[in-house]
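When the chains are written out, they are named A, B and C in that same order, and each has its own residue count from 1.
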Amino acid sequence: MAYLQAILDGILLGGVYGVISTGLSLVFGVLGVVNFAQAEFLMVGMYVAYFAWAYLGLDPLIAAPLAFGVVFVLGFYSQKLLVGRVMSAPPAAQIFLTVGLMITLENGALVLFGSDFRSVNVPYQIQGFRLGELFVSAPYLYAFLWAVVITGALWLFMARSWTGRAIRAVAQDPMAATLAGINTARTYNIAFGLGVGLTAFGGAVILPYITVSPTAGVQFAVLMFTVVVLGGLGSTTGALVGGIVVGIIQSLSGLLFPIQLQNLVLFIIFILVLALRPQGLLKGV
Amino acid sequence: MRLKPTGILLLVLFVVAVLLPLGLDPRGNWLRVMGTVMIFAAAAQAWNIMGGLANQVSLGHAAFFGIGAYVSTLLYINFGISPWIGMLIGALVAAGAGALICLPTLRLTGHYFALATLAFAEVCRVIANSWSSVTGGPVGLTIPFAGDAPMLFQFRSTVPYYYIILALLVVVSLVFWRIQVGAFGYRLRALRETPEAASVVGVNVFRTKMIATMISAALTALCGTVFVQFTFFFDPDSVFSLTTISIRLAMIAIVGGLGTLIGPIIGALFLLPLEEVAITLLSSQASGVAQLAFGVVLIAAILIEPRGLVALGPWIMRRLKGGQPSAPSDMTAKGETNV
Amino acid sequence: MSDPILSLNKATVTFGGVRALDDLSFDVNRQEIVGVIGPNGAGKTTLFNSLVGLQKLRSGTITLDGVVVSDRKPHQIAALGMTKTFQNTSLFPDMDVLGNVTTAGLLHHPLAEARDKAADILDRMRLTPIARAGIDALTFPQRALIEMARAMATNPRVLLLDEVMAALTPSEMDEVMETARQLRADGLTILVVEHHMRAIMSLCDRIVVVSFGRKIAEGTPDQIAADPAVIEAYLGSSAKEKEVQHA
């Protein structure tokens, strides 16, 4: 029963990991750039939701679209002014530009907000539901449901909207997309904004059960990369499945190992997947 | 052979470095700052062998740095082995770890390799934090005080440390230079963008990358040992740190000039005193502001001049000669080696 | 004629379900110049990649002077004496021309000797004026020639030339062909992939025709030119007329 509970918890966690990582995967899939600053945009999303709660009294679940919007704009201009200028540069330049962005965002938050850990108070924080012998925690469930909804929305957006189809076209063949009349540069801006916005959305919905601080992103960085590498870099559906897999692994390893070794399990999976199947475990299966 | 401007500059820097302790207060902060500058210049130079010459961008050199720190210190604390010996053993262990990480990751390039090395360093950090019975865990390790004991790598004054560090920087730089101008450097430059073409004309790509990684790892470990002998105290989060070690080493090399001999030295001379000044000026939120400045400098360096500060060299030379801005031929022509 | 330096024995390469090389067998004799022709996508580049070890065979073997090389790595095959040029050129961008050729010379020589040897090769190919030029500054024909020079610096016994003549002017082409004949006279065996029929007909002793990974014909240039199956498969009926006009 403990295992079943752990798997359930893992799925609820993993759905959120999926959304967070989908953003990273989208950025890579469209721009071909691994965004090392992705987790810092998550942290920014958490702060947006936190301040919306602290000053406007908004529940983080309601503030999540706001977090998405704010970070979308931030991402849009980060891409336009910074990342866009190294798109055709060697990987080293791309890596260190986004690493620079990571350091800037993290320490910008430190300077602006201080190093305090902040958390919100919502009525359902410690509530839950019984499902036979299983316990479903309310904040985890709500976050998971929101994650599923936004993933569905993304899917619809990519499949139906003109912009979504333009993004997919640019991802497949920028040259052909340009010839077809798509504004490639603008599409890159939007895709990056969308990617980091999604991650920020994920950051907002987990705020009811997690504290925010300038270093809040860091703990998600490797997790996000593990998810995305599992699912195959650039594959957004893979990221969702990868997220749930990682959620379950993390939750199960919590039963077997002391808490500080949980990350170790992730790292080792991460390195192994990179070594054995860098194209992703779930791709082509 | 005619000395190039960079050769002259290196020579001048070396002479200044040798004479510097005469002018600085031996107990003062600036001598320590210069020691730190040179340690990071040396470690960045070691990183540069992989990241600059082989184009294998590592975001995990903290792994080797920390291995150097832990191996020498644990050998000293538990078995009384002098850190002089311990640092060599640490270098060997780091070379072994470098080889180990090569096996699964060398096929990876670019982003994937950076991610894999990052994860490897994080694994080391987590292990050092969790395996408390051996590593002391998150509390960290303090090097037992032995007074003025040169055989045990301990001195009362900062000056001997300073010269040891200078010697280390010279050794690492000589290794880098030897690789750069030698046959091994040709192979590294051949495989970094065109590995297939390199292999077809006889370069053993795997072995070449592996040897470069092992040399780079061993030299970084030496820097790790010297660093903790110099600071006396360390913990897993400081020596295995992603930002203050792994990224900083890469950044020093990039800001100075990727793949060049003088780059890491210029980069360290520029960045670390900048950080020191920021800390002195803004003691309240110091670390945040200094790091923030780091991030901005890194972004600016990549956007404005990806070749780093060394690219300013030809410009300065032209100004010194007082002539017209010369044709850009000397900038674009690629020499065999760009020292 | 019964002592080939290079033999392919039922070499097969598959990509997914596609057979890029399909049971391909042929021999190349010492000091022969053999042309490999076929329509685009026939498997010529896959063949060359397999020969130098960049592409693993699914089945079959490749033997170089009695040694099975189809399980070896590219650098080992280079050391055994077989190397190739790259079709769209793949020179080392971080080095000048001399550095490119020198690197290949390191296979058998220490650095100083390799550099002398490289200078020597460039001199013989009359490329000395561009020895210190960066790769970015070269024209495509120059790059193709440097590809050849670099390959020669490995002291090959078998040299594979993958479309080195693609963008050359007729006089440059004649020069390359003269160089090839000279190399053969010095003991080299040469395989050539080339689209230019005039060049291949005048240069090669023998021609192997490949289509969809299979060998459809093999013979002297005259035999191949007269082979109706080849004309059908390779040139197509309309191309045949064009070729006749050219000839």
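Following the convention adopted for this analysis, a contact is a pair of C-beta atoms (placed from the backbone, for glycine too) under 8 Å apart; a residue touches a chain by one contact, two chains touch by 3 or more.
As the structure is a computational prediction, the values presented were derived from the model and not from experiment.
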Let me spell it out: compute each chain's centre from its C-alpha atoms, then which one is farthest from subunit C's centre?
A
Using the touch rule from the top, point out the two chains with the most contacting C-beta pairs.
A-B
Taking the mean of the C-alpha atoms as each chain's centre, how many Å separate subunit A from subunit B?
32
When centres are defined as mean Cα positions, the distance from subunit A to subunit C in whole Å is 49
Need the CA-centroid distance for the pair subunit B / subunit C, whole Å please.
44
What are the residues of subunit A that contact at least two other chains?
none
Touch list for subunit B against partner subunit C, complex:
182-183, 186-187, 189-190, 192-194, 196-205, 332-336
Enumerate the contact residues on subunit B facing subunit A in the complex.
51, 55, 57, 59, 103-105, 107-112, 114-116, 118-120, 122-123, 126-127, 129-130, 242-243, 247, 250-251, 254, 258, 285, 287-289, 291-292, 294-299, 302-303, 306
So in the complex, the part of subunit A that touches subunit B is made up of which residues?
33-34, 82, 85-86, 89-97, 99-108, 110-111, 114-115, 214, 218, 222, 225, 229, 258, 260-261, 263-264, 267-268, 270-272, 274-276, 278
If we count contacts the way the header does, which residues on subunit C are in touch with subunit B in the complex?
52-54, 73-75, 78-79, 83-84, 86, 90-96, 98-100, 102-104, 106-107, 110-111, 114, 132-137, 150-151, 153-154
